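The two complexes that follow have subunit A in common; it is paired with subunit B in the first and with subunit C in the second.
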Partner chain A sequence: MSLSQLLLTPFAGALLVLLVPGNYRVVHRFIALVTTAITALGAVSVFAAFQPGIAGMQFEEQAAWVPAAGFGFHLGVDGVNIGLVLMASLVAFAATCVSWDIEKQPKLFYILLLVMTGGALGAFLSLDLFFLYFFNELALVPTFIMMGVWGRGENRNYATFQITLYLTLGALIGLSGLALLYSQSGANTLDWVTLKAWLAEKPLSGHSQNLILPLLLVGFGTLVGLFPFHSWAAPGYAAAPSATAMMHAGVLKKVGLYVLLRVALPFCPAAMNHWATPLAVLAMGNVLYCGWVALRQRDLFLLLGNSSLAHMGFCFLGLAAANVIGVTGVVLIMVAHGLLAALSFGLAGHLTKVTGTSDIDKLGGLLKTLPFVGGALVMAFLAGCGVPGFANFPGELTVLFGAWKSFPIFVILAAWGGLLIGGVYMLRAIRDLLHGPLRDGSIQGGDAGPWRRVPFLVLLAALLYFGINPGSLSDRIAPSAERIALVKSISAPATVAATAHAAH
Partner chain B sequence: MNYSLLSLEILVTLLGVTVLLADLWIPASARKLLGYAAATGAGVLLTYAIGSGAPADGTAFGGMFVVDALSNYFKGFFLLAALVVLLLTVDLSDTIKGYAEYCALILFATVGMLFAASANDFVLMFVALELITVTFFVLVSYDRTRSGSLEAGVKYLIMGALASAFMVFGIALIFGSAGTTNFYEIAAHQAELGKSPVFLIGLALTLVGLGFKVAAVPFQMWAPDVYQGAPPLTTAFLATGSKAAGFALLMRVAFSAVPEITAHWSRLILVIGVLTLLYGSLCAIPQRSVKRLMGYSSIANAGYLLLGMAAVSLSGSTAVLTYLGGYIFTVLAGFAVIAVISSRAGSDDVSVFAGLGQRSPILATGLTVSVVSLAGIPPMAGFFGKFLLLKAVANHAGTERFFLVALLAACVGVVISLYYYFNVIRSMFWPKSVPDLTPIAVGGATRLALVLSIVGVFYIGILPNSLVTGARQAAAGLAPQSAVAGHAAAASAPAAAHH
Partner chain C sequence: MDAHAAQHAVAASSAFSSRPEDLAWFILLLPLIAAAGIAFGVRRSPFLSSTLSISATVTAFILSVALFLAFGLGGYASSPSPFSWIHVGSLNVDLGLAVDRLSVLMLVIVTGVSALVQIYSTAYLHGDPGLSRYFGSISLFTFSMLGIVLADNLVMMFVFWELVGVSSYLLIGFWFEKPSAADAAKKAFLTNRLGDFGFLLGILVVWSATGSVSFTEIGNALGGNPTALGGLASIAGLLIFCGAMGKSAQFPLHVWLPDAMEGPTPVSALIHAATMVAAGVYMLCRSYVLFQAPGAWPAHLWFLGDITALDIIAIIGGFTALLAALIAFQQDDIKRILAYSTLSQLGYMVMAVGCGGPDAAMYHLTTHAGFKALLFLGAGAVIHACHHEQDIWKMGGLWHRLPVTFRTFAIGTAALAGVPILTSGFYSKDAILVAALDGGHPVLFGLGVLVAAFTPFYMLRLVIVAFFGKPRTDAARHAHEAPMAMTWPLIALAIPSIAVAWFGLGDFLSAHFNPHFHAHEGGGLFGPFNHAPLAAVFGTGSLIFGVTAAFGIYWGATTDPLPERLGLLSRAMRNRFYFDEVYEAIFVPMHDMVGRLAAAVDRWVVSGLGIRGAHGSVELAGRALRLLQTGNLQTYTFLFAAGVAVVVFVATK
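This part shows the complex of A and B:
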């Protein structure tokens, strides 16, 4: 499957759903499921066909679009985005699967979900930064509408409003940064490959870099939930329907990080050096502050939202380290966390649907009545604490190794924050939710049936596969990471053991 | 003299006169035919104007009247706006008293706009503007049994007269100091004229007059009242044709007549632009009347366009022209829906739009597309236009802090605008109270006008290349390149400004 076919599939699905009359609910769902399944299989085939060890772009496709303004349509994958594309399409399939409970205006829901999927894939696949931004916006708007219409909880209008304003402002500030990049580079294009070659010859002046980087960091940082621009995230995810929370926390949030990796690191190296320490401090804000906030949450979604922000702290730390190991680690975490966030929000959504509440104090002993969902939740929580065997472990470890040289204190803090605080709230959640006496008897439905297990099994399988075999990802990432990282002295190791060796 | 240069103006005038005369012989029951005829005529002229019929570049009346890429670019959009508005009148013809005259006035205002696009002289500019303004006095107060319409008409009359007075005074001072009113001749002597305070005062007063026309702060106060009070189709034409004509003249004066002075005043234009867009966005927040909301939104949009002008560069002018092209389609789609709903419900409060998603999917689609495009969301026309504008401003943001501040202010304005635009969408699809859900029948002509506008919004948003190319040619013909380059060197702007 070519990249453009991969990108067009969800949009074609959305068009197909649009053409089916409103009262054929089953057909809408069927089309959405088939479309996302095809997309996921296509992404797997692209991932398998991708040649590890090559740093440049593969499967490139190009078309002129607005030559007068210097914009073109350019798709391609390298190590940095190949894993993200695979993750995005798997999460999209899972998100479609868990949407069985949507009864209000299902047609519009599936159209929006498919547009969101296409937008997310487009953002990761586009090498022209204009289209990257374009597709990101295209995916964000359905997020807001889905939250407003199918959201849950009393707080949902406020949360929708907050997330809309935060993310739009963040995106626009980021766009200003990209527009400045366009004008300051003088390359008359936003095509990443062309820009990279151009700026290798004529790097941006220090003044320009110091102008562009803060805009990118604040703008795209807000999209990821960088401390202190994170307050939209937890309430937003608590109010969003499961599929939206999965897609946003898992996939769309990573677009901001992806832009920072692609643009901020290679194009503003001097400014990045200058801003590395402040960025690392803010990353600690994510790991420690958001982790601490998560400690106090008694609502399952707020807990997951804050823990997801804490994980983003590791990504920012790796970004601040800016070396090959750090960058490889960031991409590993992005993929792993995407799968994990989707799994946890999907399971939490299922739990809430079945029990009617997401208040941890009202739940308990669920492992007995919901053995599958409970078991999967235990695994998700353990993956979130960084237990080896899940994909998050190699990612976080790699970041910590990468950051050791520049920020030893922060690494110690992050290790404590990530492992200790994370361990405490995750284990406590497991204890309160799954063990102990069954409370209230508020269970209305049973465990997930065989069909409903599919999305969770897919995500868990991917988490375990990349956890046990991280080399399949890092072999693909490392050569490309070398092209964008600032510190290139350490050759890219493929395995964690080699990473440990190199860091000493 | 080569009269073929004026062929469009002559033909549209003839069309207007024909409509007026035909009314004498056509029975009242068949007056819809007049609307169809006028719209068909406008459509034929539109295809003629953008097709092979466009006259070659040249000047007439001793250089007063010019035909170039810019004039042809604008004329296409003026005829398009007239076509869509005339189509929209057809299904509402029963509610308009004096229908033939209404159509004819729309056509006469169009003639004024066509002349404005070609005006290359302060005198012709004034005449063209008066032709537009005077016909709009009548069009705004056309619904003469409704006090709101009359009130709007009086306000527009007083404000318009005031603006004209400023402009005439300014033109007199310009003529007094320069000895000519021709743009090219003034451009040739602008180095000396730039030192003459009388000339500068005259120019400033002329710009005040144009500022009224495009509703820029601090000359914006008429817009919300007039937009709200006027019949909706008049508002539609006011928001598209009249505003675009104002910008056509503003660009010609700024970049053809006095490019060097404009370059010196670029910060002033920038500040006015920022104030205009923030004022429009902030005041739109509490509005309940959708027409009034569109009035404030039109002020905010004038602000964005002024930012593009303040960039004083080819990319800035290209962005302004591209944005205007998309804006015209966007606003027409929105007003088509507002016209149908408000003439039916007798009100344009946001609550009468409640449940529109179920009452009439095509109307709901039209208003949604319009509002989403105005909010600058892909893949609509508004997104690409805003992107180009931001890019043009960003070109200078590296060297001038003013532009960086303007860039961030524009971002804030866009975010604010999301709030009020989405209020309209929420009311359409997810109303708070259960509204009247009787389906609304939409006539064929309205349907055609809506489809035309919606397709335009998507076409420009997804395949903007042809529009951008046209806008770039128009902007390139307008700006004396050497003068702009001179500014760039003077203000130490980056060379990238000309890309």
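This part shows the complex of A and C:
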């Protein structure tokens, strides 16, 4: 499957759903499911066909659009986005599966979900930054609508308002950064490959870099939930329907990081050096501060939302380290966290629907009545506090290794946040939610049946696969990460490097 | 990188036939296969699950013994990995297996005890609805433990280290509906995490100084340049030791182990006597090369002077040994007495490592694994017989009601107490006392002798109170011997408790750590009295003292006379010197307070940055909501259009 086919599939699905009259509910579901399944399989095949060890773009496709302004349609994957594309399509498939029960206006819901999927894929696949931005916005609009119409909880309206305002403003600030990049580079294009070559010859002046980078960091950082621009995230996910929370927390949130990796790092290297320490400080805001906030949450969704923000802190730390190990770690976490966030929000949605509440204080002992969902949730919680075997562990470990030389103190703090604070709130959640005596005897049954397990099993399988064999990702990522990393490789003591070399 | 992987693949494919060390792969993977088989296949049938798990472990045990015989005489081999874990820049981690005396010995211990414990469990947990989950978890645990044993680099060791933490979490919390078990599981995991935090930082320090995480390469680097770790040498050692402090439950991270007794008793025998808690000691021995490097402190820690990391380790170990023995004096729960005894013995081992005797530590680890597993399984048989009564003062007169349990328990007690010549425990404990003497730590030697007197005291207290006198409850009066599946493992474990020392295991281990080692002349059974008479005589003397005291105080007693005699000290011992209370009063509220503060700030300040002003926040929100409900999408479209306009403006400028 070519990249353009992969990208068009969800949009074609959305169009098909649109054409089917509103009362054929089963058909809508079926089309959405088949579409995302095809997309997922296509992404798997692209991932498998991707040649590890090559730094450059693969499967490139190009078409001119506004040649005068230098905008063009350009798709391609390298190590940085190949895993994200795979992750996005798996999550989209899972999100469609868990939306099976949508009763209210299912047609519109599926159209929006498919547009969101297409937008997310488009953002990751587009090498022209204009299209990257466009697709990201295209995916964000359905997010807001879905929250407003299908959301849950009392704070829904306020949360929707907050997330809309934050993300729109964030995107605008980021866009102004991209616009500045366009005007200052003199390359008359936003095509990444061209820009990269152009800027290698004529780097941006320090002044321009110092203008552009803060805009990118604040703008796209907000989209990720960079401290202190994070307060939209947890209430937003608590209010969003399961599928939307899965897609946004899992996939769309990563676009901000992706842009920072793609653009900020290679195009503003001098400014990145300058801003590395402040960025690392803010990363600690995510890891520690959001971790502590998570410690106090008694609502399952708020807990997951804050823990997801804490994980993003590791990404920012790796970004600040800006060496090949750190950057590879960031991408590993992005993939892992996408799968994990989708899994946790999906399971939490199921649990909330069965029990009628997401208040941890009202629940307890659920592992007994919901063996599958409970067991999967235990695994998700454990993955979330960095247990090996799940993909998050190699990612966070790699970031810690990457950042160690530049930011030892922050690495110590991050390790504390990940191992201890994360451990405390995750294990506390297992203890209060799943272990202990059953709090509400009225809950009988409600565990996921065989078909309902499929999305969770898919996500778990991917988490375990990349957790046990992270090399399958990192071997793809590392060569491309080398191209965008600022510090090309950490110099090891000469004697040891020599012996290490001889040993291989 | 590709060539590298291909090379590995070739090595792996050609190797299985010709090299004995590659057997280790089967040993490692068999329990994992069993765990996966249970999870994805036979979990509906407890019988099939237990059969699968037991047969995998028994096979692994047989292979381990074969490997021990094929390999036992020395050397080091590493079985290269057929698969690379992660290779990025200067971070290179493969799953390779280290096969040498140290690891093959541990393989035999882990698979052997695990197999016996599993056989025992089929009877002990007969009819439990979660039996398949139990065997799945225990297989996963065995796999993780074997991974620690075989890992040839620090990162892989850390990976399995964490997995051991998780699988022990699952096993301690096996009866998760019970709040006390669920709490204990959580506490064990988090306390271990505290140690892992240090361990991870230690790995980072070592990696950045030597450029590698592989034990062999670190050894080479330190061999070529002993000061490669610079001013962080001692810090690195202590950080790595933090991991051992968690797993081996050393002071001040010892609080989780007694609570972990909430898990099923066979689990206690496996995890909290023979394997997981031994992992810390094993890890110290495996990474001993780090501690041999000359110590150095960063400039601002100058006041530590000549104190080395090993000194601190020895002191912590010795202190733990003493502290735990004192607490064991006044415990009434049969499992808790054994738990504190385990702590005390682990302290011994850690002290031995610190005194420069990793061989003595490994020796004691080996003998202790056998007799402590025996004691725990024996305690399980007693508890089983007394209808889940664990208070020794509610037992009594069990010796003729549970003949097999009593005899094997007595052998285990003798070994733990260190009865000379007859038991293995004597030789390994003697080795530790000798290490303390030879290492130039007379104070620690004295402390070791003191603990050697305490050990028989509290153990005989247990035996006298529980097995002799008149039955004090109906449960004890009607106790009857456990089924074959439980007594048989007891007998199997009693044999090494007596015999293991006769095979020169001590010399075997000494030769591992010291290539120039020569067996002492005049070795054999009376060896200790010949070549280090001071330690042997003191060890024996303290045994006699402890035994006499225990008989004097407890023979015929129906209540504990110690609280009256010791007063406050006894209360402190009973209450574990209030460590749990102090921790709960300090650490938990501290983190919670910070969390509370952060949550409040998040609610009122950070949100305010974006939307709610300090003034009129409600009003603003209300107005904003109206905006949202009537025209949010238009607003959004407007903003989006504005964005596009900016681009177009800049583009056409």
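In this section, the second predicted complex is superposed on the first by the 486 of 504 C-alpha atoms of A that agree within 3 Å, B and C clash if a C-alpha of one lies under 4 Å from a C-alpha of the other, contacts with A are read in each partner's own complex, and residues count from 1 in each chain.
Going forward, a contact is a pair of C-beta atoms (placed from the backbone, for glycine too) under 8 Å apart; a residue touches a chain by one contact, two chains touch by 3 or more.
The structure displayed is predicted, hence computed values, not measured ones.
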{"item": "Partner chain in contact with A:Thr36 - subunit B first, subunit C second, else both or neither", "value": "neither"}
{"item": "Subunit B versus subunit C as contact partner of A:Phe130, first or second or both or neither", "value": "both"}
{"item": "Which superposed partner A:Leu211 touches (first subunit B, second subunit C, both, neither)", "value": "first"}
{"item": "First, second, both or neither for A:Leu172, with subunit B first and subunit C second", "value": "both"}
{"item": "Subunit B versus subunit C as contact partner of A:Pro67, first or second or both or neither", "value": "first"}
{"item": "Which of subunit B and subunit C A:Gly186 touches, first, second, both or neither", "value": "first"}
{"item": "Contacts of A:Asn323 with subunit B and subunit C, given as first, second, both or neither", "value": "second"}
{"item": "Partner chain(s) touched by A:Gln297 [first = subunit B, second = subunit C, both, neither]", "value": "second"}
{"item": "First, second, both or neither for A:Asn286, with subunit B first and subunit C second", "value": "neither"}
{"item": "Subunit A residues touched by each partner, larger count belonging to subunit B or subunit C", "value": "C"}
{"item": "Residues of subunit A that lie at the interface with subunit B and also at the interface with subunit C", "value": "69-70, 130, 137, 141, 148, 161, 164-165, 168-169, 172, 175-176, 179-180, 182-183"}
{"item": "Touching residues (chain side subunit A, partner subunit B) in the complex", "value": "64-70, 130, 134-135, 137-138, 141, 148-149, 161, 164-165, 168-169, 172-173, 175-176, 179-180, 182-186, 188, 207-208, 211"}
{"item": "Subunit A - residues contacting subunit C, complex", "value": "53, 69-70, 130, 137, 141, 144-145, 148, 157-158, 160-162, 164-166, 168-169, 171-172, 175-176, 178-180, 182-183, 228-232, 289, 292-297, 323-325, 328-329, 365, 367-368, 382, 386-389, 393-394, 397-398, 400-402, 404-405, 408, 411-412, 415-416, 419-421, 423-424, 427-428, 430-431, 434-438, 469-471, 474-475, 477-478, 481-482, 489-493, 495-497, 499-500, 503-504"}
{"item": "Complex contacts: residues of subunit C adjacent to subunit A", "value": "1-2, 4, 7, 83-92, 155, 158-160, 162-163, 166, 173, 176-177, 179, 182-183, 185-186, 189-190, 193-194, 196-197, 200-201, 204, 207-212, 214, 216-217, 220-221, 224-225, 228, 591-592, 594-599, 602, 606-607, 609-611, 621, 624-625, 627-629, 632-633, 636, 639-640, 642-643, 646-647, 650-653"}
{"item": "Partner subunit A, residues of subunit B touching it in the complex", "value": "315, 318, 372, 377-379, 383, 387-388, 390-391, 393-398, 404, 407-408, 411-412, 414-415, 418-419, 422, 426, 429-430, 463-465, 468-469, 472, 494-497, 499"}
